[in-house]
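In the two complexes that follow, subunit A is the common piece, with subunit B as its partner first and subunit C second.
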Partner chain A sequence: MRVKISSVAVFLAVAFASAGFGQSVEIGKLEGRASTGKVLYRRYCIGCHGPEGDGNGENAAWIDPKPRDFTAAVFKCRSTPTGTLPTDQDLFDAITRGFVTTNMPPWKPLTNQNRADLVAYVKTFSARWEEEKPGPAIAIPPEPPITIAGILHGRELFQKNDCWKCHGPEGHGDGPSAPTLTDTKDNPIRPHNFATGSRFKCGISNQDLYRIFMTGLDGTPMPSYADTMQPADAWALVHFLRTLQPFHTQEAATWKAWLPGHREEIKAIGPEGGSGASP
Partner chain B sequence: MLFWRSVNVRTLVSLLMFVCVGFAVLFGEIQPAYALPIYRVRAIPAFARKYGLPCSACHTAWPELNNFGQVFRDNGYQLGNDHDSPIFQNPSYFPITIRITPNWHRESTNHQPVDAIPGNASSGLVDGKVIQHGFDLSGIDIWAAGTITKDISFSVLPSSDSSGAFHFENAYVRFDNLLNNHWLNVKFGKFELDNLISEKRFLFLSSNGGLYQNHHFVPVGDANDFGLGVNQLGVELAGHSDNSYRRYGVAVLSSNNGNVTLPSNRSYDTYLTFSQAFEAGRFGLERLGVYAYIGERPTFSLTSAALSTAAGNTIAIPGTGSGNKPFYRAGFSGDLFLGELEFLPFFMHGQDSAFLATSTPANLPLPVGAHAAAWNGGLVETHYYVTQQFVLLHRYEIIRMSQQALPGTPAKLGNIDGYSVGYRWYPIMFSRAGLAWHNEYSITRTQGAVPLSLDGVGLPPLLPTNGVWSSSILLGFDFAF
Partner chain C sequence: MRILRTSNRTLLTTIFVGIFGITSASAGPGGVTGKVTLQGQPSKAKTINMSSEPGCAKLYSTPPTTEDVVVGPGGGLKNVVVYVSAGAPDGAVPPAQPISVTQKGCRFAPHVVIMQANQEVRVINEDATTHNIHPLAALNREWNKAQPPGTPPLEETFAREEFISVKCNIHSWMHSYFVVLKTSHYSVSNENGAFTLENLPPGKYTVTAWHEVYGKQTQEVTISGAETQALNFVFKAN
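Then we have the complex of A and B:
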């Protein structure tokens, strides 16, 4: 009888662990627990991401872009190299920040503990978390001063790297390739429109934008430029992209101050190859 | 599917327990009442449809807001994803919500004057018990709310009683994030006072439980019509931190208790509120707040007596109230979590001018020995969230007169005790609509006065020393779409 009870206890313990409810994460001083996260997931997330975490919640059919499929463990916003798992902090930040221009709201009104618990539960949907470690966080070098030379160099890179083909010559997300883009699940996906929204999908700061170039947005056509772009080039591109936003940024001010006397020196971005002039 | 996955043994045991308790109460010896309309509270499935979020995202148990819902509301019904403006919605989307509660209820009130020989008006009155029960309807809310464009939101809520007589429960426009700042938001129109413990969003529906006694109490014989739970007309400046942990509100309101057509006078009241929340680890989010309402009411009008017109009708001249006398309500409240257990403590101190408390016009002398009426009140409400689809409810409420306006008035006259227990089970909680099975038992004891229940009917007891017990049992389907 004692053996039977022990066997049952072991079986239950294994089943419990394999269901992921024993999983926990450390985010700063917080310990997130999957068992608590499950309750929160059912309350807040299940409608879109679904009970199985596969992005097939009851609302998924009506949502564009589609909810994240946690079973694939592929995440757009990471501090880690393309193809690797994000850190727990990355997931925590993504839940906190939400995804601008999508149905994923910022969950900052939840307590830090709640969000840590959700991270722990989200990680139970894929075996990747058991088999792999998150990649190393990429280094972000100090941001150089904003100069017109840097902005023009960024403009050159925007043309040279064919960014405009998706994001459009003016950064409105209307490049010639835009209608053809799909994510890794073959769902249509729109490039970011720099003319709307105060934020980017993965943050708001220049550092966040730099990180997006270097990590890419996994699961989308936005690649990582970590192997092809030097840090100085990436910063130049960051400073140029800021001029496409309808805000009073320092980059925009620098650009607007320079532009009136130099319009004829630059060519429009697009198929004809409008590279920036050197001032 | 969501429902069946969420039902576990604990849920079923709790459910069975409460059904048994409900029937025991129903068929047992219980205290008395009158048939009363069901008070309704608020939730907006139209927002769930707009954003694809389940009810539970914004509500601990609808209609009570959780902090995510509070932030959404504080942001002017915006999630802040640059997708809130209606221009981003499917053109077929229309932000309309309806809510109604078909129900069966039983009301019982004792110490009522009834015919000594029922049906014989000349037989005299004796102390008796009145019981009513049957199937009934609540009123209905037909609510439109949302964003007109980014950072401009609105709410219009035509609401009826169970007979279909409509009024505007609220109607306002709100300008959000002025100067791109969460701390500057202006609301204009008729709206709920920013109570930390909202009577419009609480979880009780019955005649005796479906209102906070504290939010409507005035001493016996008092002419003041003010109720903290009544939506008021005016303008509000409010603000909040990014996650609404810190909130404030300052409102200037017409002294009309929310009634339209300027029926009372030309003065204005002020309402102030502030709250601060803090995280308590695994316990959850804890919030404490303070509030104060400072107002005045007229004690006589420009036309001191109703005049007869040529047609034989009497006329009154609205908005000409004079002889204003002051009153105030002030206190603190909280919203405290111990995991799935939620406590809502509330305290109020109220005071009405001697003129209001004795219904004496300010141009006449006060009765000898009259002074301001004062009282203290409070409540503790408890919710236990067995799951996000099943919640157990409890409330205890108390009001004690600390100073009667007239020296000869019994010290306990008007005192109230209220108890409520119940549960709400949400078998349907989609991101499109919601349905709850509601079962509640509420009982109040009012010393020497008409019970403060939702229809306002009933008679004072034969003796002012009698405590009138009034109870309600309600079983109903509360649904919102």
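Then we have the complex of A and C:
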């Protein structure tokens, strides 16, 4: 199997649309080769992901969360809707970035070419890649400026969409449903704790955060909100979620400067309904 | 537009079935009817603790119980899917009518949802809380969608035959099965364990009974005319 990785995702999408997935298309400069990828996989990945790519490598028993099972072709970090395959670029980015708070390190020390080769090999573990195409990318409109009104609206949405039931009223990953969560393989899984830093498993930017709750993280309890959430609301939610992170996000700083004078106006998030500022 | 088209199709189907019924009154079709029973003592249904979701808990006068094993009078086993697994042509065109499943009181109703491959399933949220619908499909695509209160029904299809376990991760007690079948000849056993398969022309059929805990059983049945054959299934609790 051969894949191409472009550094510019837009080019990738255009090329896919014109040439079709799975064919030998020329995009950017990289061409991933599964044969080279196999050699690299057996050196760097096999210990956790296993010789069959099913996530049952010899280290897997001691790893939590468990290594990805490539035979199911279900992936957390995608630019595509829930239930669809990710793009090559998504897989490339995941290998490059690694998964913060898991055993999967960033593979930036490998060359871009090597990571493209690994993408090509990872795709040989499931027949889904022959049968299906990646879904259409979730559109992300331009980000509006950060405002207190937007953050308050996002806070309301965090309550209304019941995000807090898993992620906790203050985003510490300690909501009432948190202890019961399991992944698709019935392994316990923890919701993201926003206090752990300003990175997410699927990226670091506000666009990445927007994408996470619009695509959902397939294979985990985190659902997609794409069907019901409007883009303006989604951006408001992004800005609120950033206030749950440590002080060094711009949103958290804005919020923390505003909060002391307005503490009386906002209710706590939780079962009683902690919607935004009271009238 | 959509409603209009659907009702037209329903009308056509009704007319077609009507004609078919008249012309084939003497030579069939026949059917299969029977009962599914459970022998032995099943583990007791567990009480569901919904205290984390007071809006749902208050809808019940007595606390609801788990629905994986429901045994009625005389050992009748509820929620067994009985279907023709071989012998009848696959339902080539899926019915235009969608199959509905409603989340109400933080439970899926019905608990077992049967649909034909590529038939639309409509998932409705009547609760005042967000649910996430998460079919843990392996042959079909696994997806996971949030459905906040007051949002429109989700409309989805599954292309491949599969018994799909469906969860709401937010409410760990919420569990359903989406059963995707190729055939249009299916039935689900009621509180008494009773089921009926209708409209089977003369022929030899394999009938399969599937239960989410006790697995699958199959039996052969031959229909020679317009008769209704009796067929019973017995599952054993360990």
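Assume the second predicted complex is superposed on the first by the 249 of 279 C-alpha atoms of A that agree within 3 Å, B and C clash if a C-alpha of one lies under 4 Å from a C-alpha of the other, contacts with A are read in each partner's own complex, and residues count from 1 in each chain.
Rule of thumb we're sticking to: a contact is a pair of C-beta atoms (placed from the backbone, for glycine too) under 8 Å apart; a residue touches a chain by one contact, two chains touch by 3 or more.
Not measured: the values here are computed from a predicted model.
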{"item": "Three-chain arrangement built on subunit A, subunit B and subunit C clash or fit", "value": "fit"}
{"item": "Contacts of A:84 with subunit B and subunit C, given as first, second, both or neither", "value": "second"}
{"item": "Touching partner for A:56 - first (subunit B), second (subunit C), both, neither", "value": "neither"}
{"item": "Subunit B versus subunit C as contact partner of A:147, first or second or both or neither", "value": "neither"}
{"item": "Touching partner for A:109 - first (subunit B), second (subunit C), both, neither", "value": "first"}
{"item": "Which of subunit B and subunit C A:198 touches, first, second, both or neither", "value": "first"}
{"item": "Partner chain(s) touched by A:43 [first = subunit B, second = subunit C, both, neither]", "value": "first"}
{"item": "Nearest-approach distance, in Å, of subunit C Cα atoms to those of subunit B in the combined model", "value": "26"}
{"item": "Footprint overlap on subunit A, where subunit B in one structure and subunit C in the other make contact", "value": "none"}
{"item": "Complex contact set, residues of subunit A against subunit C", "value": "72, 74, 82-84, 160-162, 165-166, 176-177, 180-182, 184, 216, 218-228, 271"}
{"item": "Complex contact set, residues of subunit A against subunit B", "value": "36, 39, 42-44, 46-48, 51, 58-59, 62-63, 98-114, 196-199"}
{"item": "Touching residues (chain side subunit B, partner subunit A) in the complex", "value": "1-2, 5-6, 51-54, 56-57, 67-68, 70-71, 79-83, 242-244, 279, 281-282, 284-285, 387-388, 430-431"}
{"item": "Residues of subunit C defined as touching subunit A within the complex", "value": "52, 54, 129-130, 132-134, 136, 138, 141-148, 151, 154, 169-172"}
